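One chain, chain A, appears in both complexes that follow, with chain B as partner in the first and chain C in the second.
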Partner chain A sequence: MSSPTAENTARPAANRGIRKAVIVGGNRIPFARSGGAYAHASNQDMLTAALDGLVARFGLQDEAIGEVAAGAVLKHSRDFNLTREAVLGSALSATTPAYDLQQACATGMEAVIGLSNKIKLGQINSAIAGGVDSASDAPIAVSEGLRTILLDLNRAKSLTDKVKILGRIRPKDLSPDAPSTGEPRTGLSMGEHQALTTAQWKISREAQDELALASHKNMAAAYDRHFFDDLVTPYRGLTRDSNLRADSTLEKLAKLKPVFGKNLGDAATMTAGNSTPLTDGASAVLLASEDWAQAHDLPMLANVVDGEAGAVDFVHGKDGLLMAPAFAVPRLLARNGLTLADLDYLEIHEAFAGTVLSTLAAWEDEEFGKTRLGLDGAFGTVDRSRLNVNGSSLAAGHPFAATGGRLVATLAKMLSERGQVDGRPARGLISVCAAGGQGVVALLEAR
Partner chain B sequence: MTADHVLTEMPSLSKLYVNAAATAARARIKRVEPVVALPPRALEVRGVTADLARLTQFQHLMGKPARDVLPSGYIHALAFPVAMSVMVQEDFPLPLLGMIHLRNQVDHYAPVLFTDVLTIRSWARDLAGHRAGTQVQLVVEVRNSEGTELLWRGVSTYLAKGIYLPGLDKPAARPAGAPRETFSPPRPTAQWKLGVDTGRAYAAVSGDFNPIHLSVLSAKALGRRRSIAHGMYAASRVVSDIGSPKPDAFSWDITFESPVFLPATVSLHIADTRADDGGWLGSEFTAWNARSARLHFRGSVAAGTKQA
Partner chain C sequence: MAAQKPAQQNDHPDKYTEFVSRGLGRDLAKRLGLPQPAVLRRYTPGAPLVQGPILVVGHTEGSDAVASVLLSWGQDVRRHATPKEKLGAVVLVLDELAHPDQLSAPLREVGAALRDLNRNGRIISISGQVRSDDAPEVAAARNAVDGIMRSLAKELRAGSTANGVVLANGVLANAPSALSALRFFLSARSAFVDGQFLTAAAEGTAVQQDWDKPLQGRVAVVTGAARGIGAAIARTLARDGARVVVVDVPAAGDHLAAVANEIHGTALQLDITVTEAGARILDHAAQRHGRLDIVVHNAGITRDKLLANMDPGRWDSVIAVNIAAQLRMNQAFLASSHFTDNPRIISVSSTSGIAGNRGQTNYAASKAGVIGMVRATAPLLSGKGGTVNAVAPGFIETDMTAKIPFATREVARRLNSLQQGGKPGDVAEAIAFFASEASDGVTGNVLRVCGQNLVGQ
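And now, the complex of A and B:
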């Protein structure tokens, strides 16, 4: 039986087994500190730029992709079809379907895992997962009071009704609502939440500054050896992430004053140097079945082996807001018969240096392992020489939904370069924490 | 071209419009003998770059993402002051003000980035009779900074309505009683709702503050009943709507049939031509007034370019 179109020749449901989903490659624009190079670029501008670069890199002009999924955390209501609009504005075939998704900072990770699963099931043969965020071009809404009045005004029939409704407007209604990183249920910002966790796990200021410095040094070195040449496309005159400080030193970092948890006294350790700044940027990752990649003569860097989402009860302080990956990673590894020692690379998203270090501390803690993870003892120790070896969010910045795509493409390339380890494919883990007490983690394997 | 003249800086469009008005006034007083030849020189400006803020505004006004590659219409706007300088020279035979844009043909030979430093050169050619006056073509070439590589070439045809120059053959007028070509609108594929501020908005991003586009009053001063949308607004928007899956080399051609008085609702029909393998070859477009069904403009976008 002939098939209607090439992309729909994914396999019939009856004889589907689980097949492999491969990472072909990725592309992102350099990340920019908010209010900088992309101050006037919208989410759609940046997502289109990331797609443009991916299309150019892999020759996807006029190509129908199985599905594109991307999202933004700070999103204008007019951008309800953000991803589909970006696809229509790109050189991809207009017959490429697309949808938006959003899981806070884990948006990009969830896009990769969800689309990989569709490929594994044989529903699609190719996919692009992406994410974008602009802290500069953030939506600002009218106040809740004014919004209600305007909607009533729209429904009013007579002029007298309209005049009456307009008369309800009070000066306080005119101040706009800007988005914040505050948690709706606790009223604490993400930084304030992490400050509590950082203090709980007794993470020192020095340890956080050292992690931040390593992130900058590692990422600068990776740029210098052209590691990012086929992962990043310049945009708006920017060729490297504008937050990257190759010349940072521990002395400079030590001079910064704490910005979060200031009421904690000596336990106030989180500064602008060991926290990620608000950032603008976009990323995209090309995923495929093995057949599709081979038919298009494209590289296969790594397999998306497995993914796991987790969440914690942070509302009543049982766990820190950003600690969900501390639970999700042990589950993911156990399901795949692996331990921390079996991983050749770990990419743990640096929302704050304190987040990474609190997670590592929890895994090393015997009590946590026994009572919270249900293990015989501590979960394990991460070999720091395998952690964020090409830098992470403290250096690159963190445009919320775009971070997952950055991590997946970066790790896939690292695994591909590493190839085999002890006669088995190199393995890597990605862990991303997210607002709402959530986290999404994934396991990749070299081809 | 017998001689080139290099301008030291990009001319200011607003000054050019003032000069054009002054020249027109002088010509009315002096009643000078008309010249029936075009200036023999090309004008050139070097070291031109795009203004990033204005580029972004231009792209957003067209409803398109802000890319680093300059949209076709933006390159036209960037180069327009050079073409206008050609038309305000003392020995240019036609009055600039009130000139009507008849047609635009553009070839893209390579993508132009906002960071590129450009050399822009323009000259006039093909002065010819038209049944309604005299027409002329303005050629604009955009090259790399050394001037060695042609990136973009545009040819704009303008009509000086009611100006008849001695010695130019005038094509035969339509025979009395012969019907105009009838236009029956195709099925629309899109609709543009153009507000009264469309002209002012495009003027702000293109720098073309020709009074006929700005307001009813300023348009009336030039003999139009209402303000008119820029032809290049329509061209830029339809060309960017169509886009090109082959952005490296493509061409487009638009013929303006009647002015779009503002505000307006314009219906459009866009149809693609594809190769047997489904590859995009080009698109044709037609636009007309949604209410009166009067044809506004039509043309095409095509993959590939004519030989440079």
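And now, the complex of A and C:
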């Protein structure tokens, strides 16, 4: 066991080269549809549970980890040190530093990439990247009008002033502001944005329903063959993701009415079945240098090879809100001398079935490849038998900041099981879109 | 742990025992002739082995050897009782018995010492195993010890117990295996073991060990460890120094993680009925710890139904979890190069497997099956210095037995010589004893942890 001091000073800056960052394993709690099993669990409760499950799996009790980074998209202002508080409540050593970060749905991905980079640079030897979100225990704010009045009230000195200020309150000020998934610059919800993109790329209802069905079937099969036994720890009576429908059928999905893009008429194709529901959950991934993993007799599933963030101008430009990965992935692969055909697994986050299919359509489109990606033709075709093979967010649900950790741990295990392909380590890609027109993608490689 | 608190084992005596152990309750129980269960002395590391001097009865070379070992353990040893002096234990060495006539003198000496036996005292016999080639009078004398100790156990009060060490052919009274069994019976680890015998099947090898950390450096796996008896076993093995891998079905993973974090072990979520369960456990233990030394097969389920109403689901699931999984995993363990350094297997059986129980043909089949398996596996392991044993718990106070209706539970827990239910920790202590390297040579046993339940042996 390395001492806390050794953890933080293992490699003097002068001697540092770039070394490898490995994924040791992961843990998450089953994801729950909002208002369900975790209705009364806070972000801190869930993140602590995810950390404790990880600690139990890898025997990290009282271990001082180099750094823990996690975040939540829907976050109470009192949770400014959410991750550090979760660490203090966990079985980890209290000398483990932690910070919060937030990049919408890409929070977990950014935590993995940022911490991996610190490991690669020798600044830390071990890390835990995570994320949590509760749509059930979401913060509710008072209206902007009431907030201004209350702040004035706080500053008022005399009783008369206070009474005067209180007299400014009007009934409309009393209705609270609940958080929404609306984009501040367009006022459109994420689903409405995607509905436009889905229509733009002419993605059919059937194709979306098929992708949703595959997600449920694949994830249920993975649970049945015990794939998630060392990735998930039950929580509050839930042993599997509550959104998972092993018995879903195309007929059942076809009966659902569109919920987004209803003003598009016949082009309204997005239903509750092919969109992710609001979800509660948390995830954590253990990252390490090779030396640290070896010294702790821990497995090494995969290397974090590279990561890339991207953004599109969804407000003024031609691209849909969730299309940033369509640009980030080609850049990431080009930098690493790879094409889509070189990937053994692709994990494309299913915010909506339409998101995945719009991205694939863009990559197959010659015009898009030439004019937007600057290529000679289309970027390429994804072999669907390599896409989300153990299901993804349509089945598991999508607790925003927790999805990255789920994807990274799942893909790392798949790559480790696959091992070598044609004499080289199996490769996998993760692509996660995020609010604000952003996206974060990463490349992993089997050990 | 913020979110998941492990089900802590209840260390307090049941309410009735508490009530009748002092003051008004004690007087009332005495006057009405009600059962008066004692508050049993339980093991804590560093506490004295016994509470008072140990009287060694017998005049053989074996008794002298045992007395000198007890002295070397720092015990206050008496070869003759001093009247009115409270005794912690009596060790009755009968290793050279040749005829029932020879029982009279030593037994009267024990009888005279009984009134001076301290609370939670210990009477332990050491005698030869009955063999089919014994002369009839030798066999009669040796088997007589069985009747004596089981009867004496029923006569003792105030938490005192009577148990016996049985020496296989050629095993001396001071053989390492016999001494390990003797020490267990003397100690508070055996609080809920009464009227039972342990056989020292082979001499065993003497090991230098820290009696407070007997499992230091050993790697153990405990199945069914998320709660109840399994969690208590994991805690006890960890307390004794072992690094523990706790195993339970994925659905119990939250409780399992809490146990792992409490004892600084690792959690392995695993359905033990899958074909590769043994390999998965070996991989985990080998990768994290480089070895596997101790396997505790504790996972078990009940699906009670009268045989007339038994469906295949109930029958098959009980057999699959309680015995078939153990057989399959043992094959993997026995074939592994990681399970070769004084390996230990301990299975949890049940008094139902010994005495039978209405509505439990399936469960009793599995638990009696465990006993058969243990006996047949012992010779397979002895080649590598390994042992395999079973414990058979009687009425143990767990979340499961807490669900039994009050009156039934109250009757069930009094139906033994100690007139109370045992604690999960009592089962765990017996398992830790078998797991110890000092228990080399103690193999093929089925030890009941039942306070001498009135049914069965």
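What to note about this one:
Assume the second predicted complex is superposed on the first by the 442 of 447 C-alpha atoms of A that agree within 3 Å, B and C clash if a C-alpha of one lies under 4 Å from a C-alpha of the other, contacts with A are read in each partner's own complex, and residues count from 1 in each chain.
One rule holds for everything that comes next: a contact is a pair of C-beta atoms (placed from the backbone, for glycine too) under 8 Å apart; a residue touches a chain by one contact, two chains touch by 3 or more.
The shown structure was predicted, so the numbers you read here are calculated from the model rather than taken from an experiment.
In the superposed model, A:89 makes contact with both chain B and chain C. Of the two partner chains placed by superposition, only chain C is touched by A:230; chain B is not.
In the superposed pair of complexes, A:315 makes contact with neither chain B nor chain C. Look at A:141: by the touch rule set out above, it reaches neither chain B nor chain C. In the superposition on chain A, contact is made by A:42 with chain B only, not with chain C. By the touch criterion defined above, A:58 lies against chain C but remains apart from chain B after alignment on the C-alpha atoms of chain A. With both complexes placed on chain A, chain A has more residues touched by C than by the other of chain B and chain C. Chain A uses residues 41, 44-45, 48-49, 52, 61-62, 89, 91, 234-236 to touch chain B in one structure and chain C in the other. Those residues of chain C that touch chain A in the shared complex are 1-4, 250-254, 256-258, 260-261, 264-271, 274, 287-290. Of all residues in chain B, those touching chain A in their complex are 52-53, 56, 59-60, 64-68, 114-115, 243, 245-247, 278-280.
Listing the residues of chain A that touch chain B in their complex gives 40-42, 44-45, 48-49, 52, 61-62, 86, 89, 91, 234-237.
Chain contact summary for the complex, chain A toward chain C: residues 41, 44-45, 48-49, 52-53, 55-59, 61-62, 89-91, 226, 228-230, 232-236, 239, 297-299.
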